[in-house]
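Consider the two complexes below, in which subunit A is the common component and subunit B and subunit C are the respective partners.
Take a look at the complex of A and B:
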């Protein structure tokens, strides 16, 4: 029961800036404590991923060597970021060789001096013992979450694995969203044989068990890296998004504003992507959020099965795989298990929050 | 032919005796599908069964079409022409009993059962007390006992001539009929259970064997010399998919049965290795004769399908039941040891032998602890951590022994990177051997310095030292070979044929974590001296395929030992089928040929010592370690004796194992 404005001027004065769809969604989303918490958690994970070399590693965050300043820890992001001088002169063993080769050097080390790929050896640090191997690697002062069979620190793998988990989630879901939305938009808007073709394609894709398809695709690649895994997950999981987009487009394409746009002479692509897509986006965001969660799960499943990124990799699934081989090393299952659980749950909570915030039928107090 | 060559890649030839020991006498590829002493594959079988339906015989069936036509002389002419020399016909059990009578028993059975295997001395005691044969009368033996053996994989076929994996050899070892075998020192002999006499001609070109007349197949028909001749022809028939058995057997010129009991083997050339080629499995002629031409793949004809589950066997056991992927149950065959109402051969100790198939070592270990499995291979990780508590020792004990199974990094000697000997040596110097032995192998295994174990008579004395990590030397050698970092990107490079090549390569490894860990250590070691190395885990079949095609730069692999050093020729000889790394040294080739022709044992050993040293100098492999045999045994088992091929793959092998009567 809105009172009708009596005059235009009055209406102008009375107008609060109308809330747009997105800010409205955000307002509703923000009322859900759990979803908000999940969002904070994901943000925190992002921070951990970005800061992983500063948190745990065996390469100095900053060091001064022979009069110059270096940031060797960045090589955890990409190996080319490590100055070749450290290969040639230090053999990448900063802990021992930095002082030895240049007594005037100084370095600021990461908070925890453990490596996600290699065992910390006995002679590496003066004030820190070597990592134990086998089932001796219980959580201890130096390995707060224990070590795996080969003596590699679990905490270091977990922290550096965050990078992989986040990347996999965003990149592969990004790919599947791009494919799914494009195909869905085409099918829904154009209809006819395009719709027919795309819909059948979706059905065919859905018939193939995804994990089997992924294993087959990964076997084809010669030097499979984590990026291949992401692409493969991406190109196999777009069907849900495509279907939703298609349905939205079917609904929207006959609305007045679309017809108006067409009547004004807007091209097909312009109508599809400028006018229809933004309005179809909200329901699609939900499966994207769930998709991130499932992509993370799939990547961990692949690593668990031994088909993940090439070793040594710091994926959480790899840790689970190691844990499965030695049932008494509970820390190999417990910590990565918790990490996977929390992350996947966070994305699912976000998805749920989005769903409730964007779908008027689910709004609290609606009706 | 491509298919064949890949099965040759895991080739082994079996010789089986009546006492039922499976004895593949060739080098065995160390298959990753089994974790510790993986002879040859289980993954392979999965591939096979999927291929089965598509598979068509390569050629129409023509019995013995791979044998060159030859017209054997009549026996009288042969006897007149050649001088026969008697060769040993031995029963393996008394042989072992004799050996054990000389050995001092280091502990009583009760003491040994209480021991925890924590030191080499305890291991000695356990083996000494529990590894004994029972008395000859066998009053203490529980003749109705069942043994539950562990198998890492199912068998693809129960037909002995098709066997190629360890699982298949373990089964066929118990159901198969064979004439020859060898003992723990790899001395070949004819088995007394099946053979009356064995004679070789003085010139080494002929072997004459007289079979016993009290041998019967499980269907009651007699086993004759004609079965031996027929089996030879079937094995060398191209349309029949014989995998392992063909190698060795194909060196024979002809096999001729002169009457029901006399069979003569004709050789191409007088070689010291001829006696190893006599080993092949024998199948019943009367069973296969009529149907084999219709179905040379031996898996489609209704009779053949039936024979897969109920084969007509010549060995001490028959197959009682078989559940795919679960278990295979064998039962003792009375007609094997009884003939005409009289006992004519040793009665096998177990009434029932059940193979439980568990492809996961953790699951298998649970089975051992629960008593579902009586014996299994333990992986080092389990040896050190999961088999040390009272829960394990409540019903089990464990033992280990040296096994001549070595593991190595294999360099492709024809690739740009590794064609230079200095580079290969640099790799051996760069690798952190100490970390591997002490941390990744838990200090349980011995370092390896080359193709022969130092306890073998073929190894040079004193043996060359195993490599130790020395990165300064490695860098020196790489600089010398022209691999320097010219563009300052941290990775060594070299200009080859006008093109700059980076020192970056991929090391292939089978998909087993303990092996991947060793490759990761290589990656780390090389990373420190400016070499980029990627680790690529592969399924075993894919790995073998790539290696056979030489489509790799480096790989991690392992070899079990062959019985005769000549079996290494097809690993090191130029252009040989298992020479995956395409190593070629004319001197080594010559020495292998000389070794085959040298009949004086001491001079022959000298030749192989030279080969060992030449290979050590060339470092076509970076040899890493010898992997011991680790076994878990139920406390009720007795009589396990280890050879350099483990406790089963020699004679008496499995047939010396027994269970005592429970008082």
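Take a look at the complex of A and C:
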């Protein structure tokens, strides 16, 4: 029983030009304040990841040295971006050495002068003491989130770890989405023995305990880096996306427009990826969003268990691992814990918002 | 129905062979064998000589290439022999059997507790849908759902093991205290209860958040149905409508959840058990991977795969039982 106002609304809608599916979805998504907030949060994380060398680091953002301008902080993105002159002449202790080797030099420093990889030593800065080590590293004026056992600043590690958290989420889920969507599309559209084969593969993957698979794959790779971890998480978590894509393709492959495309002589691949896939994309977005959350969880769990990648690509989970060793250093667990929690929640909320925005059943209910 | 069952069983057996084959290949290709890993840990004076190593390799069946070793394993499995654990020297069945108790205690208690709390919560959320108190509970539960259990576990650990260490509230890791064997029966029960508390909370809260959201989502769909309007129109009370008319009709999706939870009953949780030093299945799994204890890894993989497949089969059968519209013929 539809009440009268909705027919009036429908009549008004009829006069307006039809809205596209994606703009409609966005409109619905934007009404969910929490999901929108989560999207802003992820954007903010992106900004922090990009600006991490400006926020916290021991290398000058900009400096003038022997008559030339340099941007040493960029080496936090990649080692090779640092001018060899700094590696040779100013190694560590930038502040002191800059002044000693070139009295006319000047530098603009990051907001917080702490390093994510090394302990700040006593003589490194003229106006800043060295970092405490062991359980003395409580949060203080110079180390706002404390330091770990070796005296490395936690805040610096958190800020620089943001990049890893974002990368892990997007790369792993990108891989699993690519595998899952391709296999699901093939199985759902072609059917027959292809479907049989892919379905069996999905079942086998679901039976193998995920952590065993991941640990074994990481062990097989000698000296696993963060990229190996991302690939391993990606190739082990595509089953959900594949199942959903398959179901969507099964539903869509017999619709009139698909038959029409086929009748016009479009090839199989063209029909699958140009005609069917865009229409199957919306429901698949939801598990992708949840997948990002779970990839971040899994990566941090691995680091926590001691299978993480070493610096410069250490993730938040590495801090948790350090925290487990010293039960009295609560700040090693608390701050990274909050960071992981907020990130996972943000992706979950985005997934939830997408689900409500694209699910036609809930759309009816929302009126 | 029988045909369907036979087909499913054959496919299941095929899947099991594939799963065990893949896992066997993976673990045999991990660098290091149980023998070399043991050597690294002990002091150099205990280093095994080359000849001795070969004898040991032969004794453990490590001298054969892995595909042949796999068929040996499969052959032994046909005789219901899973082999002996490299690390403990005992039959794998016994090693796994020791862990069944602690794992089941934790998993059944947490699943039971989660449902006990989730059903009233879900019904409450449905009946007050959209009000401020319901929104705040839902947001809170959602936050709980997103809170990684290992993070929560470590925070709790800090509070109860460290901050409260000199008080009566201090809880200790592990499943029993050191003086457990000398305790009387009621003392033993309370001792396990105290040790169970923190792992149980960590296991339960995520389940609770998931279950209550699951119930709420199903209820939201159910209360929009015509039969609910009919029930209201004939004058049934609010609670009666909610419980007897709506909730009973949401039980079908529950069946899937039940099937999904079956492997979880015995699977344990690798990270949580690690944190709380709980002697369960998850820790056994983790330890046997780090020690390259191949027979135990294979035994656990086999058990979990069977449970996963059985869970799916069980869910499909229960569907046919609870929903007369579904038949398999």
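FYI, the second predicted complex is superposed on the first by the 343 of 367 C-alpha atoms of A that agree within 3 Å, B and C clash if a C-alpha of one lies under 4 Å from a C-alpha of the other, contacts with A are read in each partner's own complex, and residues count from 1 in each chain.
The rule is simple: contacts are C-beta pairs under 8 Å (C-beta built on N, C-alpha and C of every residue); 3 or more make two chains touch, one makes a residue touch a chain.
Only a predicted model underlies this, so the values are computations on that prediction, with no experimental measurement involved.
**Student:** Regarding the shared-chain residue A:345, is it in contact with subunit B (first), subunit C (second), both, or neither?
**Tutor:** second
**Student:** Touching A:119 in the superposition: subunit B (first), subunit C (second), both, neither?
**Tutor:** After superposition on chain A, A:119 lies in contact with subunit B alone.
**Student:** A:80 in the overlay: touching subunit B, subunit C, both, or neither? Say first, second, both or neither.
**Tutor:** First partner only, subunit B.
**Student:** Scan A:151 for contacts with subunit B and subunit C and give back first, second, both or neither.
**Tutor:** In the superposed model, A:151 contacts subunit B only, not subunit C.
**Student:** Touching A:108 in the superposition: subunit B (first), subunit C (second), both, neither?
**Tutor:** It touches nothing on subunit B or subunit C.
**Student:** Of the partners subunit B and subunit C, which touch A:215 in the superposed model: first, second, both, neither?
**Tutor:** In the superposed model, A:215 contacts subunit C only, not subunit B.
**Student:** Counting only touches as set out at the top, which of subunit B and subunit C does A:255 meet: first, second, both, neither?
**Tutor:** Neither: A:255 stays clear of subunit B and subunit C.
**Student:** Could you say whether A:320 touches subunit B, subunit C, both of them, or neither, answering first, second, both or neither?
**Tutor:** After superposing on A, A:320 lies in contact with subunit C but is clear of subunit B.
**Student:** In the overlaid three-chain picture, which partner chain does A:40 touch, first (subunit B) or second (subunit C), both, or neither?
**Tutor:** neither
**Student:** Can you pull the subunit A residues that subunit B and subunit C both touch?
**Tutor:** 219, 324, 327-328
**Student:** Which of the residues in subunit C end up touching subunit A in this complex?
**Tutor:** 11, 14-16, 18-19, 22-23, 26-27, 29-31, 139, 142-143, 145-148, 150-151, 154-155, 157-158, 161-162, 220-221, 224, 267, 270-271, 274-275, 285-286, 289, 297, 300-301, 304-305, 308-309
**Student:** Would you pull the subunit A residues touching subunit C in the complex into a rising list?
**Tutor:** Spelled out, the residues of subunit A in touch with subunit C are 34, 200, 203-204, 206-209, 211-213, 215-217, 219-220, 222, 293, 297, 300-301, 304-305, 320, 323-324, 327-328, 330, 333-334, 337, 340-341, 344-345, 348-349, 352, 361, 365.
**Student:** In their complex, what parts of subunit B are in touch with subunit A?
**Tutor:** 361-362, 381, 384-386, 435, 439-440, 442, 471, 485, 488-490, 506, 511, 513-514, 516-517, 519-520, 523-524, 527-530, 534-537, 542
**Student:** Can you list the subunit A residues touching subunit B in their complex?
**Tutor:** So the residues of subunit A in touch with subunit B come to 80, 82-84, 86-88, 91-93, 117-119, 121, 133-135, 149-151, 219, 223, 306, 310-312, 321-322, 324-328.
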